[in-house]
Amino acid sequence: MTELFAFLLSGITVGFVYALVGMGFTVIYNSSGIINFAQGEFVMAGGMSMVFILAAGVPLVPAFALAILLTALLGILLWKLTDLSKDSSQVSLIILTLGFAIFLRGLAEVVFDKELHTIPSFVGDGSLELYGAILSYQSLLIIAVSILIVIVLWLFFKKTTLGKAMIAASDNVEAAKLMGINIKRILMLNFAISASIAAIGGVLLTPITSTNYEVGIMLGLKGFAAAIIGGLSNPFGAVLGGLILGIMEVLVAGYLSSEYKDAVAFVIMLAILFFRPGGIFSNLKAQRV
Amino acid sequence: MKTLKLSRSLIILAVILILIPFFMSNDFYYEIVIVALFNSMIVIGLNLLMGYAGQISLAHGAFAGLGGYISAVLVGHFGLPPLVSIGSALVFMALFAYIISKPILKLSGHYLAMATLGIGVIITIILNSEEELTGGADGMSVESLTLFGFELSESWQWYLLAALLLLFILWLIENLIDSPLGRILRSIHDSEKASSSVGVDVSHYKSIVFVISVVIATLAGSLYAFFSGFISPQEASFNHSIELVVMVVLGGMGRLYGAVVGAFILTALPQLLTSFEEYQTLIYGSIIILVMIFMPKGVISLFDRFDMGSHHAKS
Amino acid sequence: MKKLLQIIAVGFALFSTTLTAGDTIKIGAIVAATGPASFLGDPELKTLKHYTEKINAAGGINGKKLELVAYDTGANPKKAVTFTKRLLHKDGVVAIIGPSTSGETMAIIPMMEKAEVPLVSMAGAVAIINPVKKYIFKIVATDRMACQRIMQDLKDRKLTNLALISGSGGFGKSMRKQCKEVAPEYGIKIVADETYGKKDTDMTAQLLKIKNTADVQAVLNPGFGQGPAIVTKNFAQLKLTQPLYQSHGVASKKYIEIAGAAAEGVRLVSPPVVVADKLDDSHPIKKTALAYKNEYEKSTGSQVSSFGGHAYDALYVITNAIKAAGSEDPKKIRDEIEKTKNFAGVDGMVTMGAEDHLGLDTKSGMVLLDIKGGDWTIVK
């Protein structure tokens, strides 16, 4: 029983990171219809920047802010590139974001390096023991911050004028424009938000799993799977999707085969795509959050 | 029966291919060209799928890689003769492609892209994990190819095979496009609804194109495995699949010869950049971004002024 | 016109023609200087460059300068294959040093045999030289040797139930196989057998399974590079208390750096060079090892690693052979490599033969170390 519990805790922790990545996907998708393949690279950018900024001697909190800011700027850069593109067909945009992902990876290789990097836990090396399972403080932090972000985003979209404007814009672009909503500004903001969320996830995860220039690939793909599982039209679906994914992964690795752990995300994703493409939440909430 | 034609572009390509060996000063250069030829084949099939049937696939690297592995394993572990192995791989992959095409092609746009991505990644993971059969992440050696008792060991022999095969595939596809089947495909691309309203079984035709593209990829992937004497899960990786898609777009979607151009450019690129080895990824990414922003119709669109009667779908 | 682009593309590829002057002796090197095995490849590359210069400063070999042509593969077997082809066909090397990892080595062996050019590998798997292949040599202690040493120690400590957690790259896979074969001879039982991928960054699931296996008395981690460092970290995070054993795939200060405090108390087998200064004066290779250690640390500013030592041995085995052969014919060089006798390498005494393409004396070539206070201590 303790083993199962240990697995669950481990799965929930990583599940929240997938959730953060997935939420980023859906935020961008909802506002612009773009599938951002560079989302995973934003996670990487956050983690790697943090490592190097800390190494330069900057204290923890400003370093964190700086790392997130840098990644947000990268998000805005991507938005600008999509804006510039003459051909906005789905295929072109997918390839553009793929190209940007490769670009970011290459940039990380050059600006940073190809090595594995880690940083000490933000809250010390201690841990909680729950029913014989161990939950490190850093993992707790990840869970807490993720929940916080979900709540903040929810409040933002539901309660603030800007947030509501974003929803309006994604529902009906023409009407939104007529109401004086600056679509470009909204898109830009959405990209910045997505990138920031991903970066936060990246920074928080680094003390646990280390980071290097390539971590973005798998994380991005899995975060993407989380978004699809939850349903692309609902950012909060991604949270559920991420948790399901994280838990299933660890359970498969623990009880079946550790080699096929990575395949879990994609098998579930395919199942959803074939049988319920709108995601788990597709019939429950017709309109997007 | 309409006469099968030999287009001007095909002849020009054939001439170029005949001239190339005179520039090959060593085996290594030959290798780049041969690999480019194999890539061209896969890209032509992918181009058919993306440009004419309007379906995106982020798994063609995986299909080529899987095809290669099947051939390699049948020869290496089960001792089957190379031709039989390749043939079996083709049959298996054709069936496999047909079966998965049914549920997949019901999806559209990015959902389709994601589904192909998922399948591709799963294939890669399987290839990495089944170590006993595939050698796992470190790959496996592949014996040399013997055709009818004759072993292909010299570069020029491989070049001949690859070049002839490429020309043959191009000729086939060109005639396919001009055939009634091709017209149906183009009408599907233009409007699925319109086509199905006149009785076209859209899903059936989309599946056919998908299967054709996968079969070509399997053939190229298998030959490449024999040629390089080694196969690793890299061949089936997501990165390779993206590379192939970029080749299609770089060359010009829906432009057959564009596919060849795209394949050659992107295959040669890493070799040209070896002196900038650390910057390779960065440059590669930048090129993709720049092409997608400024030349989304592909490099070949730059040459559209000199209309040579090229084959392209009117969109 | 469109096809012009094609011609240009191909033409560009040809553009970089090499004009070999033919007045240098070219030795190729394939190293994993970056990526998951960088703490193997990076010191190897530095060592090769430094000593090539040193040899040239002393007049070169047979009156000609030595030219090192090195490529970085990032531990990717496919790249190793591509670069080997490049070295053999384009660069025209007379011998190749490397690769850094077993997986890469196995991938290029067929090519080296076909080209009839000697290879001196810096990797660990016993399969590289067993069965013996004419042109393939190695100068690193095998995984089998490591297993035997570790099993002996387990037996001495009366620890019989062993859990394995192995990397799935060539060396990890190979050592796992060797250890499973060798264990019964020492009365050791394998009670758990987990694996992880080369690029995995989290091994908690596998370690949890080991933690929950009854009666595990010790854990062994066959592998190299970043994998074992992460395993070590996770090991401590999960508060596992059994002794953790590592292979010589981690014999570098970098491992201690990445694993951090978790490395404390880890026991491993290692080539003697990392503790050259602590060796007995009577140790046959203390002089060579100490000289190398001091020179490496002075010229690079970083701590010595056993992997750099492999590169030193490989380079000198080859250059000695070239000198002895008095020629640049790869076939003759190969013959002379096989005749290496009593070479005092940094890794140990080397005497090769037709049936033994490693020739490393285990007694002088392997030590048992504990990590204490972030540094190596010899286990008596």
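In order of appearance the chains are A, B and C, and numbering begins at 1 in each one.
Keep in mind that, in the parts below, a contact is a pair of C-beta atoms (placed from the backbone, for glycine too) under 8 Å apart; a residue touches a chain by one contact, two chains touch by 3 or more.
Since this is a predicted model, take the numbers as computed values, not measurements.
Path length between subunit A and subunit B in the chain contact graph, taken as the least number of steps between touching chains: 1. Counting C-beta pairs in contact across A-C and across B-C shows that the higher total falls to B-C. One simple way to say how far apart two chains are is to compare their mean CA positions; for subunit A and subunit B this gives 32 Å. One finds 38 Å separating the Cα centroids of subunit A and subunit C. Centre to centre, using the average C-alpha position, subunit B and subunit C are separated by 37 Å.
Counting partners per residue, subunit A has 259 as the residues that reach two or more other chains. Shared interface positions of subunit B, defined as residues touching 2 or more other chains, are 128. For subunit C, the set of residues touching two or more other chains reads 168, 197.
Of all the residues in subunit A, the ones that touch subunit B in their complex are 35, 81, 84-87, 89-92, 94-96, 98-107, 109-110, 217, 221, 224-225, 228, 257, 259-260, 262-263, 266-267, 269-270, 273-274, 277. The residues of subunit C lying in touch with subunit A in their complex are 34-36, 38, 74, 168, 194-197, 199, 201-202, 204-206, 208-209, 212, 226, 229-230, 233, 237-239, 258.
Taken together, the subunit A residues at the contact with subunit C in this complex read 2-3, 6-7, 10, 14, 113-116, 118, 127, 134, 136, 208-211, 214-215, 250, 253-254, 258-259, 261. Interface residues of subunit C, counted against subunit B in their complex, comprise 1-7, 9-17, 72, 76-78, 81, 85-86, 89-90, 102-104, 106-107, 109-111, 168-170, 173, 197-198. Interface of subunit B with subunit C (complex): residues 9, 12-13, 16, 20, 23-29, 31-33, 36, 128, 131, 136-139, 141, 228-230, 232, 234-235, 257-258, 260-261, 264-265, 268, 271-272, 277, 299-300, 303, 306, 308, 310.
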